[in-house]
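Structures incoming, each one as structure tokens.
Look for subunit A in each of the two complexes below; its partner is subunit B in the first and subunit C in the second.
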Partner chain A sequence: MGGYGDVQMIDENGLRMDGRKPGDVRPITIETGVVPVADGSCRMTWGTNEAIVAVYGPMEAHPRKIQRQDRAVLDVTYNMAPFSTTDRIRPGFNRRSREISKVTADALESVVLLELYPRSKIRISIEITSAEAGTRCVGLTAASVALADAGIPMTDLVVSVASGKINDVVVCDLNKEEDNYGEADLPMGVLPNSGELVFLQMDGDLSPDEFKQAWDYNIDAAMEVHKLMVDALKGGEN
Partner chain B sequence: MVASTVMKGWPVARLDTMSRESSADGPRDSRRALVVVPGEDLGVSEGYEAGHGVLVVDGRLKSTKQGRMNTKGSTVSVEPLHTTYMPRPGDLVIGHIEGCTNNIWFVDIGAPFNSILPMSLGPAKVEFGGTRKILDIGDSILCRVQEVEETHQSVVTMKGLGLRKIKSGALDDVDPHLLGRLIGKGGNFLRDLKLESECRIVVAENGRLWIDGDLDGIFKVRNCLKEISLEARQVGGVN
Partner chain C sequence: MAAPLVPKLLRAHLSDLASNDARLDDRGQWDGRETKLEIGVLPRAEGSARVTMGNTIVLAGVKFQIMTPYPDRPNQGGLMCSCEVRSIAGRHWENGPPSPQSIELGRVVDRGIRESGCIDVDDLCIIPGEKAWQVILDLHAISDDGNLFDAFALAGIAALRNATIPAERFEIGEDTPLKVSKTPIMCSYHKVGGRFVYDASYREELGGDERIHITLGDDDHVHSLQKGLKGIFTADEFAEIMEHAKSRCSELRDMVNG
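Right after this comes the complex of A and B.
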């Protein structure tokens, strides 16, 4: 967290810089089947974030040393395109992308029925083409839609949302300025049908009450996002 | 609409998936073949059996795939919109040679696990070390699954009537679960397609097709396959 404490990001009426109330989420669109050659794919826009996710497999796991005799492995690659932010990002892996790839794989492993495909691999490529803030949440949510689109058996979809603190006020779904100059950030991954938690990170400090407020915001937002995911997968049916 | 439940000490909002007509008692009306998504509640499990794409969790049926829900008798299943081929012994498949050693070919049959074609089951007599003279990397073959081990490793054979290296025509593929649609009732659709395109069409169980004929005929078949795939991928399409 930046800790530039005197940057005013919320006005006296409780409205944020982009006009949202503390519990509001940025506008979201979800589209499936956007990469024709992939087994499953998804494009998700979340505010000015945009992620394109392609899923391939299950396929034989190479190199052989990554094979697991009793289950499949998830090979998740999170990458931010060099043009995704105003400052050009050096192409290729870095510490941040490795970390996000790992936590995304860990979160998805808890829902994908990996034991049905021993010794194989499911490849998930997450490409962030436009980044504002909360790209790990967009990537994880879009990856779960793309997995469902690929026909990979899963016990539930994963929805990921982040809340944080700006000017001592807990708000949901931070934008770029709030993320840079805010005091805390709490991204979470939730299974909407069972209410289980599969992913939790925290950056900055929150009091127990603030933590509970951020948690509630995340859960409520996750339920709303889940409806959009279901609509996208059902194509407006039912 | 939002019910409340408690998880690990914190109050957690939970979407009531039993709203709408979904699952008051037992699975929903199969005649409408509803589209479901992973994790969706399909109703109480009592009196029903979980079929393909369905799990029983705490006495309730739960979908594990995106697809159309079917109820046949007492079995509830989900017909997925996208599937992966899982090999079974006896399946006729079209494979691509991906690699070879002195006495084994590695064959990609579109399954999550590659198959092996031992020298002894190859198309011709091979001397040790001479595998690439018979089948080289990139070649396509019509073969049959001989055995599938518990570890999902499979062995294919080219000993059998009609099994051969594919040297002419074109290859295309559809999702394996769409083969029923392509073949039609009693093979009618496929027979009509063969007559119309004047092509020889071999449908393999891994969703790959060998289309042999003149160029116009191949285009006709390919367009037809494209239509079938598109129709099936559109949610709310053919049923």
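Right after this comes the complex of A and C.
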């Protein structure tokens, strides 16, 4: 949140800089089977974001101390490639990636039927190859498609979308400029079949009405994106 | 990389295949896998390429930074080549500090590009002694089914040839294409079942012995060599590999120069 409220991001017709209406999401493509050596994989482009996710397993949990006697463990890593942003990212340890890896794992553990694979590990590697705001949402959504592509039993897919506020207007799916100068950001992870949530973060400033609007935008957008995910899983490329 | 158990059955099988002049995937001894090169695939990089060789897929991205020239070379910019093989690329790769394998990968690719002199570091100087461009080539593996070396080298040189110096973003003049005067190409050979083969797959690497990497520049000049892993080879074997490398490098060079 840069909080520079004086930058005009919504024109007199209520349209955003990239021509979208407040509730619109950016164009999305989803493709499965993009990492041939993995058990399941997904490439998702969302605006200028691109995430590639590979799933390996269930496999032996190693080292043994991470094993759980009654369930599988998820080993999730979210990583931004050095060339994914305007300024190069130095490879290596990074607090932001660690946190996103953790909340992504927390979300996915809520839907994967872990108890079917005691003492094993399922590895989910999320690589962001191009970043334009909302990469954690793209990573989580693509990860759930990759898990389905790997045939891992789940109670539902996870669709993650963020809404926020720019120039006091609530908008869905912020792009890079909107995210930099915006006043709030509310990413959510929705289970499209039940409407339940498995992922929630927020920062910024939203009034109760604005919060309700952002929430509703996210739910509606999630249902829309869910259709594309199902198409990709049923038909290969969408 | 977790040390895989040496699969004796695989080694025996590869040895049988070799004695019948065959390979796991029906290729001939000197045949490469189908190779695809795509340019400009990464919207946030200043130059980029994706190489697909069979089931091996890699990305290369070029970024630029401003550096202070080294005191002993005040008129020169820099070239850095960094390689990351993360857990996405295969179940035998782990995240964490760079493994010796991935460091070797990055350094061998780096030497081939650097020593060919394809990038003139004097040309990267902005203000002598104060400011110069540092070109950073990041190599990122997506899917490892063997021979990451050649895939990285090919994607690397193609990404550099595709790169634009983002001078406008740094407010020092107009964007200009990065000058790349030569096209170094790497060819790698693995000893599998007692004989060298070109472009080994992951299973061939797993059940094979030593490997040799050769980078040739324009006019077949040799720019980097590397022998890796345990094994012994003869001068005659090397001569045979070198002959093949000359013809294969020139095919791949045509693909890059397109």
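Remarks
One rule holds in what follows: the second predicted complex is superposed on the first by the 235 of 238 C-alpha atoms of A that agree within 3 Å, B and C clash if a C-alpha of one lies under 4 Å from a C-alpha of the other, contacts with A are read in each partner's own complex, and residues count from 1 in each chain.
In the analysis below, a residue touches a chain if its C-beta (ideal position, glycine included) is under 8 Å from a C-beta of that chain, and two chains touch if they have at least 3 such contacts.
All of these numbers come straight from a predicted model, not from anything done at the bench.
Once the two complexes are laid over each other on the shared chain, residue contacts for A:208 go to neither subunit B nor subunit C. When the shared chain is aligned, no partner comes close enough to touch A:63: not subunit B, not subunit C.
After overlaying the two complexes on the shared chain, residue contacts for A:156 are found with subunit B alone; subunit C is out of touch. With both structures placed on the common chain, the touch criterion links A:19 to neither subunit B nor subunit C.
Looking at the shared chain after the overlay, A:27 reaches neither subunit B nor subunit C. Considering which of subunit B and subunit C touches more of subunit A, the answer is B.
In the superposition on chain A, the residues of subunit A contacted by subunit B and by subunit C overlap at 57, 59.
Remark: subunit A residues 34-38, 48, 50, 52-54, 56-57, 59, 62, 77, 79, 81-88, 91-92, 123, 125-127, 129-132 touch subunit C in the complex.
Here subunit C touches subunit A in the complex through residues 2, 42-45, 48, 55, 57, 59, 61-63, 65, 82, 84, 86-91, 95, 97, 136, 138, 140, 142-145, 169, 202, going by the rule given at the top.
Residues of subunit B touching subunit A in their complex: 2, 5, 7-8, 10-15, 17, 20, 34-35, 37-41, 53, 55, 57, 62, 64-67, 80-84, 112-114, 151-153, 233-236. Against subunit B, the residues of subunit A that register as touching in their complex are 33, 39-40, 57-60, 69, 72, 111, 113, 117-120, 148-157, 191-197, 212, 215-216, 219-220, 223, 226-227, 229-230, 233-238.
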